[in-house]
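Heads up: the structure comes next, in structure tokens.
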Amino acid sequence: MQLIEAQESTGLKMDVRDLNVFYGSFHAIKDANLRVTEQMVTALIGPSGCGKTTFLRALNRMHDLTPGANVTGTVSLDGTNIYDSSVDPVVVRHRVGMVFQRANPFPKSIFENVVYGPKIHGERNRDALLSCAEKSLRRAALWDEVKDRLFRSALDLSGGQQQRLCIARVLAVEPEVILMDEPASALDPIATSKIEDLIGELKKDYTVVIVTHSMQQAARISDITAFFLLGDLIEVGTTSEIFTRPKDRRTEDYITGRYG
Amino acid sequence: MHKTAVAAALFLVGTSFVPRIASADTSITAAGSTALLPLVKAAADQYQSQHPDVKIAVSGGGSGTGINQVVQKAVDIGDSDIMAAGHPELVDHRVAAVGFALIAHPGVRVTNLTKKQIQDIFSEKVQNWKDVGGADVKITVINRPRNSGTRAVFTKTIMGDVSISSAGLTEDATGSVVTTVKSTPGAISYAAFSGTHNQQGIVELKIDGVAPTDENVQSGKYPVWSYEHMYTNGPPNAAISRFLAFVTSNSELLHKAGYILIRDMRVHESDR
Amino acid sequence: MAAIATPRIGVFATRAHRQEFIAMLVLRAASTFVVVAISALFLYLAIEGTKLFTVDHVSPFQFLFSPVFNPDANKPGSLVFIVGSLSVTLFAVLVGGPFGIAVGVFLAELAPPRMVAAMKPAIEVLVGIPSVVYGWIGLTLLVPLIRTVTGSNGFGLLAAGTVLSVMILPTVITLSEDAMRTVPNSLREGSLAMGATRWQTISRVLLPAAASGLTVAVILGIARAIGETLAVQLVIGNAAVLPQGLLGATAALPTEIVIDMAGAQQGSLLEHALFSMAFLLLLIAMALILAVRFALRKRA
Amino acid sequence: MRDAVLTLEIARAKSARGVRHRRFVDRSATTLLWCAALAVLALLTLFVGYILYLGAPAISWQFLTSPPSEVSAGGGIGPEIYNSFYILGLTLLFTVPVAVAAGIYLQEYARPGAFRTLVQFSAESLATVPSIVMGLFGLLVFVYLLRWRFSAIGGALTLTILNLPALMRVTQEALFSVPQTYREASMALGATRWGTIWRIVLPSAVGALTTGVILIAGRIFGETAALIYTAGVSVAAGKGAYDLNPFRPAETLAVHVWYTHAESVVPDVARIGNGSALVLLVMVLLFNVVARIVGRSLTRRFTGR
């Protein structure tokens, strides 16, 4: 399957054009272009420090929070540039959720963590919150493990459970796109495989963009792969293309293990 | 945070009404001289217990503050040890007279000094007690601050044209003067009878052979005394007049606090 | 799908926006208040503090450099108080400074965790002890001690300086500990790896690296000392003469203010002179803050 | 060949001496630093012990509750204790909201720029203003300008300004200690900045914040120089001493220690000073202990730890 076919078969969710990110004078992302397809998993791969995470954080305006970071170019979500001055970054983040490299549950109960999003968006009804919590935790394949201790501290969960809780927390906001920044990098193999299974499930309803340092993981779970090197987006293609017939020499070198 | 802010706002609004409510009662405020403060405070305590409808707030601050505040009508009564010069609008109420004693540490072994000796000591011409007939102890002079009424009286009645050396220690007020004289060997200072008569551990020196007693002040033999003033801005209203009369006439209280009734004085300021 | 430009969940989003707006307003107002407070303070004291020169036509030179303080005779020379303030502060910094830095270094570099755990609350308590209690201890313990040992009357520069040395300790300790902790660990490891002893590491690598932070610690110690009022007033002797050696009684700017303010009539030369002293203190404090900024900028 | 061996031997001997010398210096320095630290603890123990020794005989229920005396011996410190708490309460009421708000602004909102620099510089300057100078400012504004006379509220507002910078600093440090990941997680879920601060950052910081506030409360309790010319040195007589009206002179305990020594004429100055000093010291210790306990329990409650 060719990239173009794949993207046309569903729909275009996000369109990144001429994206540049600077940290002060450091040019972290250089003229990147990427189309993110609806209901597919797009994996961003590349060696450490190549700008994958920086690119990902540009997709829901997280750079707004970093002093000194500057973004140029356009990132369209359903045709609207999220960097347009009329756009509210809060609404962008509402629609484009994010899961971080390290699980970062709030120092609150499991329940409070999951319903945090609905609460800040105005849901007050406790029954609604409870059912939302259950739904989200079930979708994140965590319900059975935590249903008896919903009101205990989230910090008592294991690392893998915490990360799934963070995914459940994002799901509860009902975003359209979920950004994941190496969500399994700090987890053991069993927890990792659970997360990977979960991502497979999620793409039925959501658009997922995932940063990963593991090529195997990208191969296992993604439909489309983008390869970054030193701030340049070198090549985008369907995952099978990238892993079997990379067009660029540098991509091939990386796939075959010539970079770290 | 919201709640705190709202509470603070409400509180501010609420408190701004309080003075108005308070002023519905008869309320008298006095501030100023700390030499007079004990008397005014004690008098206010007694007066309020007899007249529960009257509220009297008394505070110190010093004679200067008392005069400042009564000039600005910030208080009803300004207490002062000294005459308020340059303020014709103020009405002077002399409420008492008070004597001032020269006090020394007991270790100096002197009980009497002449006026000349005192001048020499305070101008630092004499620096050891043995030169005025006492023990071989270095003299430590303790003064009151510049605008102290006590110092003014002492300067006027004893020092005359001889200026006080600035090398001596300075203590704020009667109380600390007494404490410091007690604890410092060789110390000498001056303070109102109200602060010295009931103290142990100090000697009250005779001046030219005359003992510092109320009787000697009343008869005019003892030179160091003055009137205590309570100033009002313009003539006082009825409530304030009654309180002032109470202060002036309460002989038991005056005696207890170490002051002298005006009517007991047989000499007057003008006689000196 | 609605455009993101208009909030998706309309009513909630606008509510959140309203809150955000109000919060921003309140927070900015509070911050502005800080600016207003210091500006008003500076302005007021500047006006009151210069009346001595504008209303009474005293020359600033006389105010700063004449040792004759006799306001009744139009002579408000404040040299005595300025020198007094500088002497007690210098004494405090010379004694309390090295002592405080030593303890700060100890806490950052040598102290076992249990010792740190014991020292932290102790330092907090030292900060918390009211200055009037320090003064009281000075008055009832230190002054008699000095009197017994030296035969002077006990009040004076030595007593005031000693009390201040103790009072600036917490400031100097805390700030120098912070300064030591900000030195990167790589320097520490680098030095130790070359076979330097711990003390060599501290004295030759860490102390120079933390120099600007330590300077700040000392400067803020000075700021604490120069404005201290009651603890000093109780033990310095309050004699309007230049200090005659360590045992001599003298007076400092804050102590002179607190002693004579009560008796000063509004608008009098004395009152103006006292406000000039307060303004001078404020200017010194500001100068110290600028010095801190300068010291920190050098590091950056 | 022999020469070379000899040189090596000498070098070894020399360096052995060098090592011994270096070790000696290291040990001495270590000992010295230990002594300095122990001296601080000893100093504190001395102070506490001394004040306890002086003050304990003066403490009685009667001393703690009865009104002060102006003339005769036997005065107590009841109204002064009340006023200390009253002014402390008023001060916290004003200063905590303002300082926390300004601290939040500096730590969470302000971008580097002229305004932030100005606020920060103002706070630093305010922090070094000597308390007697602040007292004179209070005298000018509250007594002369607003004509409030010596009043509890004038004193409290003076202390409010005096303690703003310290409380701002406490706020900033408490906020700084909240992990950045909490903020990112909350914002990534579509929370506004204020929503994030209110629901995540402040609850996580509340323990540290409260500890800091109580520690500063301990300092406010003992403040003296700024109050002499603002809240005054007198208390009303009788029941009026326990007035809730903030527009009345209100001598605090710390001021009373100074005032009794400096201005009053009672014969038992030493007893009152000793007893009051002890009460002040005990309060400081109490504030320290309470700060830690409350801070810890709040942290536990708000973060589920």
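Which chain is which? They are A, B, C and D, in the order written, and residues in each are numbered from 1.
Here is the rule we use: a contact is a pair of C-beta atoms (placed from the backbone, for glycine too) under 8 Å apart; a residue touches a chain by one contact, two chains touch by 3 or more.
What you see is a predicted model; the values in this text were computed from it and never measured.
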Set of chains adjacent to chain A and to chain D | C
When C-D and B-D are ranked by contacting C-beta pairs, first comes C-D
Determine the chain that sits nearest the middle of the structure, using the mean of its CA atoms as its centre.
-> D
Geometric centre distance via CA averages, chain D-chain C, whole Å | 14
If you average the CA atoms of chain B and of chain C, how far apart do the two points sit, in angstrom?
-> 35
Whole-Å distance, chain A centre to chain B centre, using C-alpha means?
-> 80
Touching at least 2 other chains, the residues of chain B are 5, 34, 60-61, 72, 171-172
What parts of chain D, by residue number, touch at least two of the other chains?
-> 97, 101, 144, 192, 195, 198, 229, 261, 270
Which chain C residues sit where two or more other chains touch them?
-> 16-17, 26, 261, 266
Inter-chain touches occur between A-C, A-D, B-C, B-D, C-D
Residue ranges of chain B in contact with chain C within the complex = 5, 34, 60-65, 67-68, 71-72, 138, 140, 145-148, 166-172, 183-187
Please name which positions on chain C make contact with chain D in the complex.
-> 16-17, 19-20, 23-24, 26-35, 37-41, 44-45, 48, 99, 102-103, 105-107, 110-111, 115, 118-119, 121-133, 135-137, 139-141, 166, 169, 173, 197-200, 202-203, 220, 223, 226-230, 234, 254, 257-258, 261, 266, 275, 278, 281-282, 285-286, 288-289, 292-293
Contact set on chain D toward chain A in their complex = 111-112, 179, 181-192, 195, 199-200, 203-204, 302-305
Given the complex, residues on chain C that touch chain B span 26, 69, 71-72, 143-144, 147, 153-155, 237-241, 249, 251, 259-266, 268, 270-271
Chain C to chain A touching residues, read off their complex = 1, 3-5, 7-9, 11-13, 15-17
